[in-house]
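In what follows, chain A forms one complex with chain B and a second complex with chain C.
Moving on to the complex of A and B:
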């Protein structure tokens, strides 16, 4: 039975979620879960082989945004099959290995959750049939690699290595996004099948070069190609199973996977040859050379991985089908021997406590089996005959010899190939001879070495066995798989023969030469290195990629800071001015083109009759507004009063022009705003009126200029807005959407109040977003104010409270010292205001119930009720209110949001889209005919949330006074104690 | 609508708006903060009355509700301002 392809991606992610929820010490449960998932998927993939080998491409389209032509496409051809096998098969082995590697003290749920999620992401990259989808999974692999490298986040090197890896591969990923956008644009589709078929058109396109560079940047950063190779050695701070899995077998292969995947589309041009081969050769040499001089075993393997990735890249860059086949083959071979080597290093590290080559020697005595396995794997890495590395390296040598490229390259390539071969022989020898053979120095090690548990060794044995089988019986074991995997890459398979013995030809002599040369190099370097020389690689050891990266990053940060200082400001006045200015300019440019006469002339709409009363009322309103601005600097309370007058005039205007709905909303918002600003006034710095006169003339003149500038900007902006409003209101809009809503509100929304029907029905989804934002804002204000400390000059008691000496005999009762906190100031208004609460609640219910058909609704009702609560706070004080009522605004917010969302989801249950309204008419005794729409429940959510948010914001400010008093009392107590 | 009622409405609104302008003058000139708060409270009352007259003019009960809300909210604003003047903070 074949499961659909999606299980290969979804199952690891689902497993990751489960793994994250298991208890911390459930090592066995975790590894069993991960292992079963990896094995199940691997077996699935293996079962697909007959179909795939027959040339079939399995495709699964899952509609996602069909209206935009975006589907979730999974696609498996031979190449993707091979990579899936690598990802899942080695994944299963790594899980088994990790079970024994991770110490009981490590929090394993995190490890296995990340590992499984990475597996899913990698499966996604490999199986994606859409370029964008592939990039998405690509970024996910970077992310999980970051999390896995930083798994031991208490270690500095882990944190730094993780950050560096994420920065480099993430930046490359961004380049890749741009490249993919270009590629999709050129090919006309993001579907992989379409893109793969559009090779000729892509190569001939003028955008080919920029696209190629961007895609290559993505691939090279991921596969640690020169000059981005430096992140990989620093990623070795990861736990060894992670290094074995991500940083040798799978994730770093994603880069070469992309190169091979797009080989039919991008390869075949000179640009491709120079860029890809150039980077590949440089990486091959630099990595191999640096690997020889590493003293950390994992560092050695990391550089060797870089070098082998360089080899694969070089092969892909040669524009020859046979070389591409060799590249695919080497991907497979490298994954097997390198993963086993990493695991062997992990074993050594685990059993001896160190990975330093200089401290290790003669380990073969203590762990003969591991030593044998590691030696065989290292021999495969060096390209020793009868092992798999030999065959792919042989293919590389013959390509290097027989390639017909430009004359210089013709001669250089074989030499470079042999030199790189020598390097790999040298570092492989260093790995085996220095560590396993030689004198017994194990007494000085942190732990007495011995063989690891049998099951920890099992994954290594499996991989090494694969190396041996492929190396000795290539035709029997791997030929068919390789043909299947390489066919989608090269299109028409070239003739190739995977025999071990080809006779005495030039590649064989090159192999022998590199073997002999490598052995000679190893022995030549052995004694100086033992004496402690050459701790760093000569020539390139000084160039420290890490340091360059850090200084680049530091410079980038510095440049960012400079730019911010240059162009940014923290002063609110300045920011506001810039905001207004930009808006002004943005509006003025199109208006200029239009000509201001056209605006001033007004439109064709019939005007109302002039009413002198209305004009007079507006004069009052305008006078109040100007007065508010005039008084704002020194008389804040007056300015506030004037502002509410201007607001009132607006309310009357709305009512005058028959928009009672707006009038109601404006009115309630006005009241809440007044209270809010007054709450803030308490904490603003006090008036400093006399400062101006004592300033020198220059300062005063500058202030005058500044004010003049601000005034002119304000006048321009105000005049512009007035002009625009004038132009808007004198025209009629035949294409306006208003008629649509007016016509449909009653038949489709079931309400006569169009505004309310729009809010809760037609635009219900917008409203849901808005109330969510409102709730978030309220919670943020609350969270910010909880830790707010007022400025010292406004932290003391307000002057009104200081004016009364503490021992003054007065008929005013201080609520803080009285036993009954209900007695206090404003005792008569307090009685009245307590009576207002039930009245206001009734009005709120009335406005709410009527909302669907006539002015009102959840928003206004919520404001009315919350204002009634706030006024209780005002007259009775925080203590009294909170002792008598358990308000808990956060719960109001939560229930409001839940109610609204649940109502919206309810329509899902009935098979309708989100937020579909259902209307019903019910006849009840006594009450009569009742109109019930499901939007009513939605409106209840809005109502609850508005009450909660308003209360939370206002009381959060109000609580500052309570806290300030507590702080002052504490200080006073301390002072008294100090005096005693 | 009878001409008498119409002219009565116009006259009433004219009076109210004149009163509003005068109250605004008091609000701007002060001199004491209490004067200003009182002026604002007066303007709220006038606004409520204007809405009631508009209700007669447009023959709609909806304006009465707006008037009701103004009377509640106007009271809240005045109470808050009074508290602010008395104690220097609105909620304590």
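Moving on to the complex of A and C:
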């Protein structure tokens, strides 16, 4: 009985949460927790081996969004098994190592929490049975590696390295998302099993190339392949256990994992060969070459990781099953020796205080065990016989020799292979000979070196033992595991023999050549490097990936800033003009194609006869509009009045052309809008004519040019709209959906006024949205003005009031201080206006009730009632109204919205869709039979909300005069106090 | 020109729409918030009529059943009715925004600063 697969992913994440909550100094508890979780999961995976080796694929489906075909799928085949083993097994060793590596001063909860979460994410990547899910975990690994690399966030290099890693791998991850979308589209499913079976269809698809490039970008950035290799050396700012983990079993291996995972689907084409092998070979050479010249031990290992990843990528790119098997094998081998090497570097750093090869020498005297272990691991890295690295490298050599590709590659590949082998021998020698052998320079080191605690060394020993066992007894130890792991990648396993001794064949000679060449290279470079030459790798040392990356980022930021300056919201006036211009151009293009002549000529529809009255009205309207433009700058009240005249002409136009409802609504809105703008006018600064005239000539000339430009834009816009409406109106009425409404309004909507029936019934949902907007706007206005303080210069008395002499005896009342302003000259209007209120309410009810059959309805009724209220404010003043009437517009809004929504929901209760209208016949005593539609209640909601919203918008503004008064009073008080 | 012979209600309405649009757009391109609000309202008139006449011009045929043989197209009317109310809400919002912006920025220019002033340095 095994635990379900989900535990392998969920346990580390759960552990991460627990670890985050433990106290800062609980180093032992933290590491025990993490270690137990990693070990438990690793044992769990190990126990699954017999099933997996028998060819079984374990699958666990957890329904998530089954309607979209998205399930949380976990799936373990041989390859995923091997990777889980690496992730969890090496994870457990890293945890043990980290227990001793981390200093008591480091905040360990954060460390172990991130490490466990990273482990969970990595195990999620390898176990995902769904591509999207894999990408999700993939991005999580980028995120947690960012947090781990930046663990010592007080260090600048850590922050920078972490940011670079995140930027590069995150950007690649985005490409991968796009690639996966394409891949899933091509394969017809995102389920891994389906995708793996759809290889032929995928490779033949026209979208194969873009998809391949995108997926490869994701894999190459993650696996630090050329030209994205630069982030990896910068990521070594991480604590060494993290580096050991990221460089060996996880993170960078995720990229090659993906390549191998999708090998059955994507490989086998020329594009795959050139792209993958090309990137792999470049990485192999560049990484190996650069590694030789590193003086930082971690840097050396980082570049060697790049180089080995290049080797794995190359093997996967060769389109040969045997090479793919070698790739899987090398993934395994590299993980073991690289993890142990990083740990050894951590020990050296820990015990001596430096990682600089130039300062280290003769360490074998002080830490013989560590030195031995590190030397063996480095030998494995160099590909020395009887170690695991040798076998996989041998496989690479034989593939390089026997591969039948195009002639150029045929010859070049073995040469490249040998050269890369020489590099790896050379840097392995540098790692061991320079550090452990040679003169004793330990006196100059920051700390006196000695052996580390035994348990810190234990993980290294385990890994080095694995290198040895695999290297000497491959058939016994690793053959079956490798077969199991490689089978899902290549499908049908090719024959391969993991013997140490194959006889004197070409690959062996190549191995020897690279060994000898590497040794020669090491000694050739040794003395110049000791003398301080070649501090940077020749040829490629000048190309600084970090600098390129940084300048790229800086350019990107700069471009973003420029774009924002161009298109940002800083200059609204300019933007509005651009908006109008773009609209003009967008409209002009189709108009040009049609030809304005044809549009001007008009259509076939019989036109309405010319009416002199209407022509007169046209003149009034046009005159008012241009008058408003003329006066808008200096005589704002005049402009406002003229604008209202244009509004009234609009009202008459609606009424003239058979739209009584629109005329009514526009009329009431007109009144409210005028009051609204008038209220606002009080707080906007006045412009003085003589100031404009006294400006310098240049400024005025420029203003004239600007006005001319705007005028021509405006005329173009006007001409365009006129042309468009002319062309439309003169053509016949097309069959639209309107007959539907005309036919159904009475039988189904129960009303004769089709417009009203549409608003409250057919298009009721639309109206619900609209009244919601209205309510939201009203509340926003309220919120905007709640904290508003008028500008000091507009807080003073209006000039008309200032003109009065202080000692004037008048019956003028001050509406602010007077309890009832309905005295003196205001008595008559106040009394009349108060009488209007009940009348207006009656008219509102009348308009509301007839709305379903005659012009009227909730909107108009609401506007009429709120106008009546506003008139009270205008005449009697804010204070009097609010002392005598408890209006609370917010409640009107709330009840309106609730009524409308509840009416709509009511139809659910009867089993109909939202907002279905019901009609019922009710007989009431005295009144008789009544035809009641549920739309009536809906309209009540509309009515309530319109009253509330209008009142709230207007009173919020009206209250400013009370505020302004207060500001003024305060100032006067202060002045008086100052005078005393 | 055949245009003069074509002086019909359609012609008047079309030119009226164009004229008010031009006035509205010109005002909207001004820099101070008050003319912009006026322009917005004027443009609102023109656009509402424009949408309304997409149902063509009808005289004496309101979309009320039982009052005549023909009815004007109710669809644009229903749309415009909503547009009028929303237009009012927008005007209310814009004017209060203008007030607030004037109080915060110290100017009633729509850019939030006087035309000659240097913009704030980018962070």
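Assume the second predicted complex is superposed on the first by the 570 of 980 C-alpha atoms of A that agree within 3 Å, B and C clash if a C-alpha of one lies under 4 Å from a C-alpha of the other, contacts with A are read in each partner's own complex, and residues count from 1 in each chain.
The criterion applied here is as follows: contacts are C-beta pairs under 8 Å (C-beta built on N, C-alpha and C of every residue); 3 or more make two chains touch, one makes a residue touch a chain.
Keep in mind that what you see is a predicted model, and the values were worked out from it rather than measured.
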| item | value |
| --- | --- |
| First (chain B), second (chain C), both or neither touched by A:957 | both |
| Which of chain B and chain C A:656 touches, first, second, both or neither | both |
| When both partners are placed on the shared chain, which of chain B and chain C touches more of chain A | C |
| Touching partner for A:613 - first (chain B), second (chain C), both, neither | first |
| Partner chain(s) touched by A:784 [first = chain B, second = chain C, both, neither] | second |
| Contacts of A:864 with chain B and chain C, given as first, second, both or neither | first |
| First, second, both or neither for A:721, with chain B first and chain C second | second |
| Partner chain in contact with A:878 - chain B first, chain C second, else both or neither | first |
| Partner chain(s) touched by A:605 [first = chain B, second = chain C, both, neither] | second |
| Which of chain B and chain C A:563 touches, first, second, both or neither | neither |
| Residues of chain A that lie at the interface with chain B and also at the interface with chain C | 649, 656, 658, 660, 681, 854-855, 954, 957 |
| Parts of chain A lying in touch with chain C, wherever the complex brings them together | 561, 565, 570-573, 576-577, 580, 600-602, 605, 607-611, 614-615, 618, 621-622, 625-626, 628-629, 632-633, 636, 639-640, 643, 646-647, 649-650, 653-654, 656-662, 665-666, 669, 672-673, 676-677, 680-681, 683-685, 687, 710-711, 713-715, 717-726, 728-730, 733, 736-738, 741-742, 745-746, 752-755, 758-759, 763, 766-767, 770, 773-774, 777-778, 780-781, 784-785, 788-791, 853-855, 859, 946, 949-950, 953-954, 956-957, 960 |
| List of chain B residues in touch with chain A within their complex | 10, 13-14, 17-18, 20-21, 24, 27-28, 30, 33, 36-37, 39-40, 43-44, 47, 50-51, 54, 58, 60, 62-63, 65-66, 68-70, 72-73, 75-77, 79-92 |
| Residue ranges of chain C touching chain A (in the complex, touch as defined) | 2-3, 6-35, 37-39, 41-42, 45-46, 48-50, 52-66, 71-75, 77-78, 80-82, 84-93, 95-100, 102-103, 106, 108-112, 119, 122 |
| Chain B contact footprint on chain A (complex, rising order) | 612-613, 616-617, 619-620, 623-624, 627, 631, 637-638, 641-642, 644-645, 648-649, 651-652, 655-656, 658, 660, 663-664, 667-668, 670-671, 674-675, 678-679, 681-682, 797-801, 825-826, 829, 833, 836, 839-840, 843, 847, 854-855, 864, 867-868, 870-871, 873-875, 877-878, 954-955, 957-958, 961-962, 965 |
